[in-house]
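Both complexes shown next keep chain A, but they swap its partner, so chain B is in the first and chain C is in the second.
Entry: the complex of A and B
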């Protein structure tokens, strides 16, 4: 989780990813942020989040994204 | 059927009555019959294209879902992680093949019907240089009503099922009801099956409050279209059509007037169809969020034709920017120029596709491509120069939150989007360039001493309607922008509300009797 928070904070240093829970619903992350996060996460965790996984429930919070990463790592 | 007609009002009233009279479980079937009846006014023969496109996407979605369901059993029996991966790879390949072929055929029909003449015109330009006189004749088929919209609705549905966003619809007629829903078929909004499709299938009780709310919104829509768009459009057509005569200030006026006309026309239509759907209890997606209050061109496109923007974001921007090429570009840019470019470059790459598609979607003409690329250039330049602007603002002691700065940004954005539309308003690039040229020469400043002359071919009474109408809509938008309009609507005494609506109805009726009126269809319907 720490690694993920670090990735997200580097892309959007103005946000507290431990507290935000409506990153997509409230339009806090824009599309450029999302593709950067996905690119970094894919590279650093060795997984393949693709366009099919771009659902609000996977990106609304760092915890939700971490859940997706964990699920993919276990598959 | 023109939505601004007595014919439509009668159709809408009969439709709503039947919708609420029949047993609730059959309401969706009433919608389907209504859609077919509405479509029949434009020529029932054209419905064949809708049936083919909807059938292809319907069957492909079911096939994709069946493949996924069948694989679940295989996956549960797989003994190792490698076996699971192998099964998933085969399933994904099958899904991709079906989805791709279905999209190629469905969208291919639309592409052939919409772009054949554009393609032939360009081939002819080439031939003219190589072998003068040998030209290929244009095709004369008409573009079926709403094909650009229902093809995109169908394509979006199929991709969503492919992405397992929601289950496939198993009843073709219910799916066809969604695809052919007449309020969104002429000029949108772009609807999603998991929203509108579900909303149509639900059972709807009649609600008096909802009917009043929906009717009020329809009234506002008629007001925008009849009192503003159709009247100011007379001046726009007269000036743009004679730009050599009406140069300078006239052209500048027409440039802004065209912006007002487009908004009143398109947002007016949305108010009518969203209001009508509201009466039925069916939710249509909102397409506008006070676009002329946007402070940047990028923000403008998040407020104008919102559903088109989100469609392209979901089905073009993300697949391209997250595809292999986009991701490679991002890595390369990050290593070469740092994190910022690593973040921006894949997005810029995808935006080229988005704006090419947006331009061509609006019209099969180079003018629309130029218009799209002008938007693209300004959007990417704004993103690229963000740091520079911030430093400059700090140096000049400009605070982004200051009201005067917000107003400057809003005015600048309005000027830019109106300026870009020179290209979408002109029939070809040469004319667009000439129109631009004539905007800058022979300024005719003297017309400013009697500004009513700017409203070329518009009667005095209609100038009054346009000004009053624009002021009312601007005031409503300002109140909405600052977040008080909804509160006013809730707390306003009934007598004031009734007075307001009486004024609006009177203005609509009075303006219907005037001479300067386009009385045409909606502008976006031609896209």
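Entry: the complex of A and C
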């Protein structure tokens, strides 16, 4: 989780990812952020987040995204 | 005689009154409702301002059709609209208001409480009535060179410039588009571009011209491409006039590998160079659509050239921007002002015709610098807009974009002056001086800054108060001392080389 927060904060230093829970619903992240986060996460965690995973419920918070990563790592 | 864009709206309201004209995630309006609501807003403004005309009225916009209805309402009042994204930092909005001095601000956003000092869309519709006499009088006195809208764009000195476009230029645009692309009554335009970008004007006015439908696509979809494709299918969208970056979200994530694909007739794009790889993905998945590369800055009313893609390009080939639209002249000019005819020689892309904007609002100096007299003509005056874009002719006599003459960049569909970012950066107290470059390959704005210590977080926090998100640098490189060249200026060449080397590692 720490690593994920670091990735996200590197891309958006202005946000507190421990607290945000509506990153998509409230239009806080833009498409550029999503693309940057996905490519960093894929690289650093060695997983392949694909288009079917790009859903608001997976990206609304760091915790949700972490859950997705954990699930993919266990598969 | 068509001399006002509202005539298209009125024609549709009369002939296809019950047809769906505008729709967003929550609401829809027929042409009749669209016109009536616009007339109410126009009447309200006319009464409130004592029939002041040709003055700027700002509109706080979001992704709802109320924004478009408000635009037309303002046009009914004989004034012109200026879309303002309320999510922009306050300082930037104030900077725009300072240049603009709007006579009124209308809040068209879907929010319960309107911004202080503004008139709220719903309140106007509830309280005001149509005053046909007033509106008729305004229209009788209108001419087609009256301003229609002003759209603000990045300015290199740190102050945004308002590009002021008149009715006649827009009438010219929709006529040339209809002729080139035969849009139909059945066309459903899937609007992607925010209303403070003139790309969206193509959806609004082309649809008005043919009596089509505009589906305003929610912003959220452009982060979640699978949902976007589903939405296009559900809403039966047939025509996309999008920023390249928006089309690329679908292709980069390989969104159409399984399931249905939207039935699209036209896929048109502009804003930056379309990578052929992304285009080929689309052409594979949606083979029956017409693909068009559109080119042009806001100053010439959306687009001045187009290139219809009728063959497959290789991934390493460059898509041309093509040839001029009807009633538009596009030339290439060398440094001495002479017109270039030969193939392959690079010159500045210059545009003439009815499409030229009236200039930059309240900024004669910038207007005179960019809207010059055609240097090859001396017997009479013909205005010419020098785009700052460099291009050349290929073997088919299509123009190919080569580069920029200055420090303007295109990033995620946005036109940005690096100078404007630097002005904001240099105002940050703990930062001595800075310089921005664009890393084209990785599509990132790189900020080199000189400060005692690394302070990225502080920089971003400060920038967020002044610049919209798309202007924030993506990479920050800290220097205790930035390299200088012989002229005592920051050495951009050296910075760029050092950065490239560090990236290669």
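Just so we're on the same page, the second predicted complex is superposed on the first by the 75 of 75 C-alpha atoms of A that agree within 3 Å, B and C clash if a C-alpha of one lies under 4 Å from a C-alpha of the other, contacts with A are read in each partner's own complex, and residues count from 1 in each chain.
Rule of thumb we're sticking to: a residue touches a chain if its C-beta (ideal position, glycine included) is under 8 Å from a C-beta of that chain, and two chains touch if they have at least 3 such contacts.
Everything quoted here is computed from the prediction, not taken from an experiment.
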Contacts of A:51 with chain B and chain C, given as first, second, both or neither: both
Partner chain in contact with A:59 - chain B first, chain C second, else both or neither: second
Which of chain B and chain C A:29 touches, first, second, both or neither: second
Touching partner for A:14 - first (chain B), second (chain C), both, neither: second
First (chain B), second (chain C), both or neither touched by A:1: neither
Contacts of A:75 with chain B and chain C, given as first, second, both or neither: first
Footprint overlap on chain A, where chain B in one structure and chain C in the other make contact: 31-32, 34-36, 50-52, 54-55
Contact set on chain A toward chain B in their complex: 10-11, 31-36, 38-39, 42-43, 50-52, 54-55, 75
Of all residues in chain A, those that touch chain C in their complex: 12-14, 24-25, 27, 29-32, 34-36, 50-52, 54-56, 59
Chain A-touching residues of chain B, taken from the complex the two chains share: 81, 84, 162-165, 313-314, 317-319, 321-322, 326-327, 330-331, 339, 342-344, 346-347, 350, 383
Residue numbers on chain C that touch chain A, as the complex places them: 87, 219-220, 222-227, 245, 249, 252-255, 257, 412, 456-457, 460-461, 464, 469-470, 474
